[in-house]
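Pasting the structures in now, so scroll down.
Here chain A shows up in two complexes: once beside chain B, once beside chain C.
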Partner chain A sequence: MTSVTKTQIGGFLARQGILVAFALFIIGFTLANQRFLDPDNILGVVRSSAILGVMALGVTFVVISGNLDLSVGSMMSFSTIVVLDLHDKLGPTLAIPAMFAMTLCLGAFIGFLVGYLKLNSLIVTLGMLSAIHGLTLTYSGGQNMDIADKAGTWFSVFGQGEALGIPVPILIFLLLAAVLGTILARTPFGRKVYAVGGNGTAATFSGIRRARVVFACYLMSAFCVATAGLIQASRSLGSQNTVGQGLELEVLAAVILGGASLLGGSGTIFKTVIGVLILGFIQNGLLLVGLQFYVQYVVTWVIIILAVWLDVAAKRGKLLSPIA
Partner chain B sequence: MQPGTLSTFLKRGAIWGFIVLELIFFSVAGEFLSLSEKAFMDFDNMLLLFKQSAPIGIIAMGMTVIMINGNIDLSVGATYAICAIVLLDAMSWPVFAGLGDAVIPVAWLLALLTGVALGALNGLIVWKTGVDAFIVTLGSMLGYRGLVFMYNGEQPTSHLNWTLVDFAEAQFLWLHTATWFLLIVTAVIWFLMNRTVHGRNAYAIGDNREAAVNAGIRVGPHMMINFMIIGFLAALSAVVFYSESGSVNPNDGELYELWVITAVVLGGTKLAGGAGSIVSTFGGVLAIQLLRKGLAHIGADTSTVNLVIGLILIAVLFLDRQLNVKGKEELKI
Partner chain C sequence: MTDDTPALRLEGIVKTFPGVRALDGVSFSVMPGEVHALMGENGAGKSTLMKVLGGIHQPDAGKIIVGERPVVMSGPLEAKAKGIVFIHQELSLAEELTVAENIYLGELPRKRFGLVDWDRLYARTDAILKKLKVSFDARTRVGDLSIANQQMVEIARALTVEAKAVIFDEPTASLTDAEKVVLFDVIADLQSAGVGIIYISHRMEEIFKITDRISVLRDGQYRGTLDTAETTEEEVTQLMIGRSLDLSRNVSHHTLGDVALEVRGLSCGPLFQEIDFEVRSGEVVGFYGLVGAGRTEIAETLFGLRDPSAGSILLDGAEVRINSPADAIALGISLVPEDRKGQGLVLGMNCRDNMTLPQVDDLTAGPFVAEGSEVAIFDQYRDKLDIRTPGWKQLVGNLSGGNQQKIVIGKWLSMHPRVLIVDEPTRGIDVGSKSEIHNLIRDLAAQGYAVIVISSEMPEVLHVSDRIVAMYSGRIMRTFTSDEVTEDNLIQAISGIRSTGRVA
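Let's look at the complex of A and B:
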């Protein structure tokens, strides 16, 4: 009897562990600092997590399809720089679609290499991380990019605007999460993404065109990156060439924290959103308690390992790995 | 000729062929494009090339071992930074105040121990939890970087010891100290992987873990030893580099993991494990450094270097796959 309850509790913890941890964190930080649950603070956290979050949504697709995308950080720098540059040359109405088209081309290139040529996604996107960074530097000539007329442009609406009292970045994030979540959970395409990631060979034999699905996942990732770049550019109206540097690993951390397996075939958009929020709230909570920003790195480390460990342990039914 | 010999030979020799091509290209292009009077293949320039290859190269040897074993380590850059801080900070600890220059070996030892300990922690987690090494080291990449910042805030840590600088800048038989370290590490790791039981087992585990387990090889301890080796080498790399520079920023070593992995993959080591060669990794390290130096020599800026290295990495992956497919077809006949 006791053992049954114990297994049940263990199973629940493993399945919903991330939510439990999230709740514990919120309670802890609230006890430590009253301001933590202040609506303004919460909105602020979600708003600053929106860029990371939007990118994480796209990477979730890629990870579920059994691949990795390490190029999202430098791709985000690229789209930010491009849209800022084109803003002054073409005007915002043309700059935004042009930037989306260019970023989607990069995504299509990666999708072609990984999907159709079947190259290892880790190495391809590692190479693209470096290559796109070079492309951005060549494009900007190494200079920072700034919009000339910062006060007189409506372009700032995506990063700084508010609608119905909610900041626009949050609205974009939530809208995109809803749309992509529906695609992943409720459409045949979403089913195919899981199938390809879960067992690529089986998916191919059951008539799914693996290459095409992988290609589409990278296109989605590129679309999300372009959106994130748009928010970033619009928020600051000026940018360095390295604005997205290192984000790829934070994004991956959020996706993994949400419970997506790097082997592919598991994960949901909802859990990724939770993963993003956990990262954001930990960062915010630690700052409010008065700790330096870098303490969150260490805390994130411990949480990632524990989260994945619990997940793996629940699947094999043992806490420790059986390998000798 | 046995089937597959040609493609094996091509693959083994590819990296050296690539290096020769680079040398020819940059020598010729340098005649027309370079602003400097000196030829690219200048003796001193080549000596410098070896020296500059050392920090990445020493870590790349460890990464080759890890990847042959079927794992990956993303935390080397952060480990490198921590060890550098321990090295420089330890020299100014009051405990060692009376030691004079004898503090140098003590600080080295501390830094190397730190590296081994951090590697062992990664290895232990991979072994005991069964979580994929990619995730474990992705986490510790963040965590170790956090430790770097916690150690000394956002300030750089500096300590200049002239005896140490003299040692690091010394040349013995023309080669710099750093180059000697790189060569010795390459030789030792080559011996380890090709002439010892541990090396054989590491290949076996990477190639087919199930089979290795069934053959009675203890997978866990071997993985942990390999993580300790890469931790040690990341520390050694820091020791070699920071003995000379004497100042470390908390951001130092960022993106090192990417450079290191690029060098190792260029050398032909498989991410899936079970295949790879230390000598080819040495070639990969030289090829990358040649590319950086050569592009700078003909007046290209960093942006081009990044672009070219990224595309070459993808091209190598593509060619490698084509060669492998060819090899399989030959076997069928």
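Let's look at the complex of A and C:
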């Protein structure tokens, strides 16, 4: 190669752009505020990313299988409200499995619609975003939900506890990432998720029962949402009906940032974890440099669009192209 | 311009990509009124050459000369403006728009306020369609047309400019024999209008029927030009692949075993009716017919992708119900589908994972996929089928058509099926790999597989089949043994003409 051409630089940016941008962010934030790389701050970021991260793990399965899940935010509100309510009625030991069962039912319903009835996942989960929000409000009567005896319950361990000096939410996130990462990378089910997302027709022609795989991905997503709801409820021991509102977009942003393609068939759990951390650090950095939290909403969207652009650009091998 | 000035001339075109010299000093010219075939195996450089000509790639060296002027092609639009028009293998039409809108897309005639002048648009379009003698008009929605007619729309598009040279890239890939005749008429008309035609195809019969000269590329190099009238298929093939090729009818017969698959009175709505046939172990049964005769639909029914409305399927004498591909696979029926990229492979997955996909549930150690066993299976079939790939990690999308097809075949052979159905086994595959796949199919029969081959290419059906089932419009017209079949009676049968002789 005689010289590095413009196209090659474009190609490199397209492939590694997210990491380059992330590195620039880190350098910039560190220069702007020394506290950014402080160990306490880093732990804080990971801890506050855990809920988002747990949800992103499940959505990774859905996205790789070639679908979307926009219902995770309002489903997480549902889980949180339900488990707080049942905590006082049934006690935590029964409340937790009851909440998981109810959330999984929602996931199964979505999985049935998208998998077996082959309805468009964007429409189905967008509809469910709204429907589940209504369900939550109906359940709670529109009231905030609080645990009566906040000081006397062991339920707070999931959100506030520590083990080996590490906050429990981080442990749950990492443990779940390890388990789901292994399932995705190493089991026959994981392989089928990639096949269905990569080319659903070819998967069917290879004897894979596509509907079943899609259904299972939505169950996986609902399970992760229930776990996130558990952490959320346990952390605050009280909640509004809208606690998960808007999270679906951040979750999607994290998954795409990690490099999963919205077209399906690519992505890994490890990359999603990276995506979650990138998003967490950028949001934290924005706060540390003194921007208001609502700037995050704008930035999150800019990041999503940037990530989608780079995803497409990587396929074309350059940043701009007249032919899609 | 005199008659001995080429319509289009390429001189010493060189194009390199990282690690590959895709074109190595290729020179080539087409005269006005000449049909000039460009041949070569997949990867020989035909596509790259055409992309250079269309301005999608810029050559590293060499000249493109249109008429007498050297030109620089900056893109497809400029090529078209200079009178170089491409008819692509894959159609690029907007299905929801009308024929007229497609033909003048981007240059619709306007009247005041920038509104479309529909009258002028339809009048102009109908004038062009009249030249092509087609049965549809300017107002027809493109999505309602057959593939052949859609191709006519592409050609009509080419006629909106004063074309000096028209390039046809595998134009007959999805055409029936009758539709080809119409296409060849159009090409003859263009020819008599003094347009130079470059015709890219793998199909020898066509090349010999319609072209004047044949130029051959191999490994990015120009290998020579032959006068079609004075050469033979063998000579062309030899130039393309550096060795000769067998185009004969199948004469080898293996000892046949028991009936493996028996189909009785199988019907599926309007698609096919009362289909009866049987396939023995060790036998290759070819299904020949026009596109739309119902052959693929029978295969899809046997593979559990369609529900039959009547009839029965027997495997080894026992009636079976097949409700899904998973059922079919469990019963030992495998299908190498017609659309390799759309149905056969997950292009973004690696070779190994594609090959073991149907059996990934069984290849486990504990809860995990046993990757070692997978690699072993891949290695075994890579060697057996001579799949050329740097390794199992290679993404299938990066392989050539022939190697991709071998991955699909390997996928099913590794399942050890009773019945193997192969739909259009060599579509879009270069001539060298083609004969390899034909030999492979014969070998499989010798090993005792019951094989069904569906093909639209007569030489292929003749070459691999022990018996040939001729279909017309959803029905079996006649079944031939390889001794009784002739080109004529086969064509009669698939055209719906009932001839004397044994019926089905």
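Throughout what follows, the second predicted complex is superposed on the first by the 298 of 324 C-alpha atoms of A that agree within 3 Å, B and C clash if a C-alpha of one lies under 4 Å from a C-alpha of the other, contacts with A are read in each partner's own complex, and residues count from 1 in each chain.
Criterion: a contact is a pair of C-beta atoms (placed from the backbone, for glycine too) under 8 Å apart; a residue touches a chain by one contact, two chains touch by 3 or more.
The model shown is predicted, which means the values in this text are computed figures rather than measured ones.
Asks: Should A:Arg209 be classified as contacting the first partner (chain B), the second (chain C), both, or neither?
Replies: So A:Arg209 only meets chain C here.
Asks: Pick one for A:Asn120: touches chain B only (first), chain C only (second), both, or neither.
Replies: first
Asks: For A:Pro188, select first, second, both or neither according to whether it touches chain B, chain C, the two together, or no partner.
Replies: A:Pro188 sits against chain C, while chain B stays out of touch.
Asks: Is A:Val295 touching the first partner chain B, the second partner chain C, both, or neither of them?
Replies: Touch status of A:Val295: first partner only.
Asks: Is A:Gly265 contacted by the first partner chain B, the second partner chain C, both or neither?
Replies: Only chain C; A:Gly265 stays clear of chain B.
Asks: Applying the document's definition of touch, where does A:Ile305 land relative to chain B and chain C: first, second, both, or neither?
Replies: First partner only.
Asks: On chain A, which partner's contacts cover more residues, chain B's or chain C's?
Replies: B
Asks: Okay, in this complex, where on chain C does chain A touch?
Replies: 18, 303, 305, 324-326, 328-330, 335, 337, 342-349, 353, 357-358, 360-361, 363-364, 367-369, 411
Asks: Under the definition above, what is the set of chain B residues touching chain A in their complex?
Replies: Residues 74, 125, 127-132, 134-136, 138-150, 153, 213, 218-220, 254, 258, 261-262, 265, 271, 301-314, 317-318, 321.
Asks: In the complex formed with chain B, which residues of chain A make contact?
Replies: The contact residues of chain A facing chain B are 113, 117-120, 122-124, 126-138, 142, 246, 249, 252-253, 256, 262-263, 292, 294-302, 304-305, 308-309, 312-313, 316, 320-324.
Asks: Hey, which residues of chain A end up touching chain C in the complex?
Replies: 1, 182, 186-188, 190-192, 194-195, 198-199, 201-209, 265-266
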